[in-house]
Amino acid sequence: MNILLEIMLATPFIGGLLAFIGGKVHRWVRYAVAVTFSFLTLIEALVYYNATIKGVVWGSLFGSKLVLQTNPISWLFLFIVTAMSFLIVIFSIGDMEEDKIKLDSYYMQLLFVEGAMVGIVLAGDLITFFMFWEIMSWTSYFLIIYGGKKSVAAGYKYIIMSIIGAYSMFIAIAMLYVKAHSLVYADVAATLAHSSATFVVWTVVLLGIGFFVKAAVMPLHTWLPDAHSEAPSPVSPLLSGVLIKMGAYGLFIVLYGFLSVQLAGNIMPSVFSTPILLYIIQWLAALSIVLATFLAIMQEDAKRLLAYSSISQIGYVVLGIATGTSLGVAGGLFHALNHAIFKGLLFLAVGAVIYRTGTRNLSDLGGLVKKMPYTFTALLLGIIALAGVPPLNGFVSKWMIYEALLQKKEVFLLIMAFIGSTGAFLYVYRLIHSIFLGQLPKKYENVKDVPILMQFPIWVLAVLTIVFGIFPGLAMNVIVKGMKLFGFKPIAYTLFGFPQGTAMGALKVINISAVLVVAFVAAWVLFLILSKSRKVSQYDNYAAGQVVTPELKYNYSFGFYMSFGRVIKSILKLGIERIYNYWVDAAKVFGDYYMRRVYTGNLETYNSYIVIVVTIAAVAILLGGKLW
Amino acid sequence: MVNIANPILLVVIPLFFTFLIALSGSFLKSGVKYLPVIAFALNLVVSLALIPEVVKNGMVIATTAGFKPPFAIDMAVDKLGLFLSIIASLLGFVASVYNLFYIDEEPQEKFHALFTLLVAGLTWMIITGDIFNLFVAFEVTSIAAFGLVGFHRDKGAIEAGFKYLVMGSIGGSFLLIGIIMLYAATGTLNIVDIAQKTSHLTFQQKLFPFAMIFTGLGIEGALFPLNAWLPDAHPAAPSSVSSILSGIMTTAAIYAIIRLTNTIFDFNQIYFFLMIFALLTLIFGEVSAFFQKDIKRMLAYSTIGQTGLFFFAFSLNTVNGLQGAFMQMVNHSLSKGMLFLVVGGMIMQVGSRNIDDFAGLGRKMKVSSFFLAIGAFSLMGLPPFFGFWSKLKIIFAALQNANAFLVASVVIILLMSVVEGAYFFKLLQVMFFGKQEKDVAVKEASYGMLFSVVVLGTVLLIISFYPSPVIDFMHKAAAEIINKNYITLALKLGGL
Amino acid sequence: MSILNWIYIVIVAIGAILAVVRMIKGPDITDRVIALDVFTTITVALFVFFAMVFDRYIYIDVALVYGLLAFIGVLVIARFIERGF
Amino acid sequence: MEKVGKLNKYVFTVAVMFISWVMLTSTFRPDELITGFIVSLLVALGSFEYLTEHGLGHFSPKRIAYLILYGPYYLWQIILANFDVAYRVIAPSMPIKPGFVAIKTDLKTDSGKLALANSITMTPGTLTIDAKDDVLLIHWIYVKDKTLEGATKEIGGPFEKYLKEIFG
Amino acid sequence: MIIRLIIGYFLLYFGALFLLLGAFGLIRLPDLYTRMQAATKSTTLGAFSSVLGVGILHPGWFIKCVVVALFILLTAPIGSSALMRAAYKTGVPFDERTVVDEGKEFFGEEKKEEAK
Amino acid sequence: MVRKVVYSIFLAIIVLALAMFFAAYPFGKNKMTVGEYYLNHGVAQTGAANIVTSVVLDYRGFDTLGEVSVLFAAAAGVAILFFLAGGTKREQEDLTKPNFVVRVGSRIIFPFILLFGSYIFIHGHLTPGGGFQGGSIIASGFLLLYLSYPGTRTNRDGLSIIEGLAGLTFVVLGLIGLFLPQYSFLYNFLPKGILNTIVSAGILPIIYIAIGFKVASEFAGIVDDMMCQVICRGGGK
Amino acid sequence: MIYYVGSFLLIALGLYAVIIKKNLIKILIGLDLIASGVNLLIISIGYVKGGTAPIFSRAGLKASMMVDPIPQALTLTAIVIDASEMALAVAFVVLLYKYYGTLDIKKIRSLKW
């Protein structure tokens, strides 16, 4: 039975290779293999539903065992990975069919990324974890740069920052290894339990940098907007929906697998009964939520908008995980799942639009609602989920996070989280309005909805937003069981929500949903009628404040956020981009100025280096070998 | 039948074929190109035949002239020496196969003779048990390399060759001074014998021969700032030669330093200084590589960086550190050797060494590009390739008894790994996703050239995915060296 | 060593020194080469003399080799002087 | 000048080489002699075209007789030459009247002309610079006669009659 | 025995004196050509005589010494010729007392060739 | 100027340190260990009167094999650098003819040089000379020929064959040792003979003769290349 | 001690030439000086007071009267190696002169950085 863990890990890699080889025979072989193996992985993953398996040793290195394991929390992420990968493979068949030259190794890389992420969540020791982490980095790099010239630059930034993050992690891992000579999670936890506060903090910070880069928590997010938007359509949801969750997963493992809130509290001061480290993480997450939301609002590019939204949403996940309370952590984990679903849905839907129109520029689009009604409907569900409106899934997890913050009386953070949600309304409205409402440009007269292969994954996800929105207990079942393993108090839940014991009172989503569905449908019908009745010019849509028209007033005080957003953007530019650029420039100067003076091309100089080395040695000898 | 598990054959077989090439060059004409292939195939057989012996006894010693050391020169192959000899033979073999399709310029017989001699000299440096013999091997290697660097006879090749010659010649002289100092102090030239007779020397007295030998070998071993010849010479040479120079020469020279440091110069005070050398080498190599437009120059600077890395690991002076160094040496030899072969094929097709001209090769030369990516990944230390295991080991070892300096070193190493990633990924993305502006008819390299690349790549992949035997072997090798088993074994086996 | 041998050495050594003086003075490269030639001839004679003094037959071979190489050296230099490089 | 066969030249060269070997080794031990003979055979193989124009003809009694006569004469001339040099170098007035003169020779063979040139160089006041066809360019430290005929008689004359016999 | 010693040392000293004389001439004579005359003749004779002297003092080596002496006698004039032609052709100036120069005529033809 | 002073100081420091090291090993007081063994046993073990030869060819014969290879490498390197694209036909510059005296004199001296060189390497095990010295002398004979007849080119293929054969002789002689019970490369398997005669010291004279041929052909090749580079048109690229 | 100084000076002089001199030929001479200095050093190391060459060329020579044969053997090897290196170096210089038209090392630096 447990050998299945190794088989599951191997499945995507084998599938990838077979897809590559089979692809040489015929492209349909490639598709079939890719679908089969990603589906197989998903099935294998489902086998482990709510199972806990510890320590399947699959090798050993430098005296440390290499271990695979699973538990419900891992499974949650495993499910995200395998399910999303499967859907994305299917979508890809529809989306990327035409681009035959590049397709050679696309599915191989897709499956490799899946395999790497499976490896990460199944890892039971840090070497395995780190190994698959690195594999994930470079395999996903190759996926990103499929997108053409711009994506190459984006991918470059991505891989460099990934490497930096990974090496930060690496130092922490090496420190732990040196201390314990074993990197199995349990041993790491035991080691940390007996370590000084300084050591613990260093470990967590160094690991955290690695996770935050991947999770794109500000200020380490700068790679994400470029990478996610420039990547090919099916890859974006993989990155935004799945890959960045690996950072959250890692954070969870470190905070609650290796440490524990109690332990962390024992060795460092606390704020609001939260260990200061967690508190800092919370603030970073909250800042991510707010700033990224503002940046999302101003995007002209649909995928860029969604990318910034991802930064904001992953902020909720991290914020929840960092609260340290059962409810908050559960909320964070649940939001990870939810975000994967609705962000996957949104990216795929936008991908479908791009597939038909060839553009992702919001100001070029409009009025597609009649041409692509199914896509429109799915996307509508997605933005509702994202905005955190009941009855769809985004609502429940966000609600849990708010509740947790409220319980801890962390009001500032709560407000920031609210701001994020409110802002989300603005950008999701902008998204759906610019694409589907307004006037249809002439060139899109003949646009049809996308083929079934692309519809299918979109609708699976759309259904899931509803399923998890109405039946949060489905997820809670896993999350609560898993969290128990990490020492959290179980929270009470039912299939439909939370019975009691919360400051907000009992939450029964089904009831709220029933009401809201009716209200929403009514509003939608109204809205459709309204938009039909009012002819707007094509360029009436928001253009990130570029074109200021009287209509702007009409749109939710957009201008106020815009100017605020500008300030933030410039601050961010000043901070992160400048630092990044500064180092690049510094390296250039270092190379150009100093290296040139070393490798002058002049043989005399080169020879004098030899003499200098010997002279130093001679001086050392004359001083009796006591130069140091 | 003669027992072929004799290390001396590793030197003598290539020498035999070298002279055979000279003899038959005039009537076999370009047919001589097959002789190196035979030579290194035989060498490969011999080095594989040595494996059971070395595993059993820990070392194999062969004397010459029928006298016992220290009265005659002996060849002593310990675990690591064996491993490096295998790699040298393997690289020699694949590179000579590569040469069958790569070298079309005259005078061919001179090229093949020198090429054979170069690899023979390197193997010789690795296995000799006599310190003056080490100097001779050093010179065989150097002088063969000087000629090969100048093989293309263009302006750059001549300039590079000359610079290399002058610096290499100075290095040889310093090496010889160091050897003479040891001879003056002990009256013997056998490494183990010297090691046993230096006990009466003070640290100060040992430091000078060490400094001299270090300078000499450091020039060949590409240690900063003695390595200025390298970025000129490696690119100027034909790619198969660059492959050997980058792949084995630095390794062999550093191995010689390691062996001498752990037998004759058993002092601990110098390692801090060696570490500084190593870090400077690493930094200057990697950063310079980042700015290169010429792909071979970039790889050459990368070699400097890699050397810095494994020299750093060696200067940790622990079993783990040494193990990491050995692993990295193996990784570097295979990966860099392969990269130069791949790049040679690409340059042949594109007709340029400028990275920008490599745009789009990923689609036109798929196999080559694939292996280039693998080599680059392994050098960067990305999993699941072997370079990952070695980098892991080195960092683990460095933090073992960490002080602030070591932690800073680790940060530097990782920063430099980022730089390494920066230039290798730049190269990869140009290759795979760049647009070729010039309209060049580019084909995949010939099957023969690919064969060499594929063989090395396969070996690299095998040890990547099944690293434990190598890792364990390296651990034993490192432990033997640190525990001074080299001397004990040599004494037991009659190496003295 | 007998006094006779010493006197011989002194005379010859003065000759050698004079040759070196011309070698340094020049003024022309040809002058220096001639001086060098004279110097080698003196050295060859000295070698043979030392062979006798130290009773080592093989020094005569050394002298012969030396003389031969010096002779060829002069021809090479003469050639270079005449033709340039 | 008579035409000499290759074999003739070869045998002559072997003989000369073998004699030289014996002189070099200064011994008649059989191992040295045998080795010397083999070496002479080999060396002559690579060089017989260079050494001689007459081959065994050099061994004619008349030539050897003249050679034996010429030796002491030549030596005597050298000694005279050196006293001449000594006089010119040491004499405070430094009696020199240098010049470059050409002389003619009747010698036909290259070796003959070389012998003449060397003889001239080693003898009083003259030094051969170069030769072309039958003209030799001489540096003369005290020019007594500037004309071709005069100089020829003065400088080359004494040697020619011997060398003509020896080298033909 | 004693006669051999006398002859031997006589030859040795005779040679030594001429070696010295040659070197002295090298210093004293005015131009390169005349210096070369002195150098060639004197040092050759000096070395020749010296070596023969050794041969006489050590009869076992006599033949070998004759070989060396003959070698000197053969090579010295050749070297001088080569050097003097080089000097002449590169235009090393002669002493003002030089009365005649037929060299231009002698080399004229070849010089023209070079000019081509 | 500053540079000169600074480096002079550096070099002074180096010399000082060197002096300090060697102060411990005073001149003329070398305490031999291995060397003494050679002096005491060399004649009996190798049969060579010249102990240096027994060291060079026997005890440390493997060094000499390396040395031979180095020389080979240098010759091949020079051949590579001076390789002319046009193959073997080379256009000759119009040259001033070498001096008549030199031309004829060289021709006569040449055979004697060959003989003398052979003499040196054949007696290598008895006298200070040896294969290298003898070989160099022979090569200098070739140099003399080139000086006198600049147009001549040696038969390079011939030289190459000689150098290859000579090198192979050395290696094969060494390899024979591996087929003997002593199982040692370069084992001196031939009888030692009578001291101070030509036929003594087993394989050593054979090796020296091989080296003599090898060195002669290699230096001759180098000289040939260099002369050609100077006098032939073309060269390089 | 004083006997070693000659070789030290040769080495130092050679190094000086190699780092200060601009002319290629002088650099080569510098290299050769270093090598000669080292060879001289080797020979000096092997010298034994009153010792003669280690050749048993006639009866009556005893081992105790002779100098150490090893340094002599090493020098022989080193000299040949130096000579080989020099030959190759000269070849390089000839070609450098051909390409750059100068013997000034400062001007020969098309490869740098």
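All chains are identified by letter, namely A, B, C, D, E, F and G, in their written order; residue positions are counted from 1 within each chain.
The working rule: contacts are C-beta pairs under 8 Å (C-beta built on N, C-alpha and C of every residue); 3 or more make two chains touch, one makes a residue touch a chain.
In this text the structure is predicted, and so the values were computed from the model without any measurement.
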Q) Count of steps on the shortest touching-chain route from chain A to chain E? A) 2
Q: List every chain that touches both chain E and chain G.
A: C, F
Q: Please identify which chain has its centre, taken as the mean of its CA atoms, farthest from the centre of chain D.
A: A
Q: With chain centres defined as mean CA positions, report which chain is farthest from chain F.
A: A
(Q) Tell me which has more C-beta contacts between its two chains, D-E or C-F. (A) D-E
Q) Closest chain to the protein CA centroid? A) B
Q) Just how far, in Å, is the C-alpha centre of chain F from the one of chain A? A) 71
Q.
Between chain C and chain D, what distance separates the C-alpha centroids? Give it in angstrom.
A. 23
**Q.** Whole-Å gap separating chain A and chain G, where each centre is the average of the chain's CA atoms
**A.** 67
Q) Counting in whole Å, what is the centre-to-centre distance of chain A and chain B, each centre being its mean C-alpha position? A) 43
(Q) Two or more other chains touching the same residue: where does that happen in chain G? (A) 11, 15, 18-20, 27, 45, 53, 55, 57, 70-71, 74, 77, 81, 84-85, 88, 92, 95, 99, 108-111, 113
Q) What are the residues of chain B that contact at least two other chains? A) 132, 136, 139, 143, 146-147, 150, 153, 158, 161-163, 166, 170, 177, 184, 189, 208, 231-232, 288, 291
Q: For chain F, jot down the residues that touch at least 2 other chains.
A: 7, 11, 14, 17-18, 21-22, 25, 30, 32, 34-35, 38, 60, 63, 66-67, 70, 73-74, 77-78, 81, 96, 98-99, 101-102, 105-106, 108, 112, 116, 127-128, 230, 236
Q) Of all possible chain pairs, which ones touch? A) A-B, A-F, A-G, B-F, B-G, C-E, C-F, C-G, D-E, D-F, E-F, F-G
Q. Which bits of chain F are touching chain D when the two form their complex?
A. 99-101, 103-105, 107-108, 110-112, 114-116, 118-119, 122, 145, 197-199
Q | Contact footprint of chain G on chain B as seen in their complex | A | 132, 136, 139, 143, 146-147, 150, 153, 155-156, 158-163, 165-166, 169-170, 172-173, 176-177, 180, 183-184, 189, 231-232, 236, 288, 291
Q: Using the touch definition up top, name the residues of chain G that touch chain F in the complex.
A: 1-5, 8-9, 11-12, 15-16, 19-20, 44-49, 53-58, 63, 66-74, 76-77, 79-81, 83-85, 87-88, 90-92, 94-95, 98-99
Q: Spell out the residues on chain F that touch chain G in their complex, using ranges where they run on.
A: 3-4, 7-8, 11-12, 14-15, 18-19, 22-23, 25-30, 32, 34-36, 38-40, 42-43, 49-52, 54-56, 60, 63-64, 66-67, 70-71, 73-75, 77-78, 81-82, 126-128, 130, 132, 195-196, 215, 222, 225-226, 229-230, 235-236
Q.
Which stretch or stretches of chain F touch chain C in the complex?
A. 95-96, 98-99, 102, 106, 113, 116, 120, 127-129, 133, 137, 140, 143-144, 147, 230
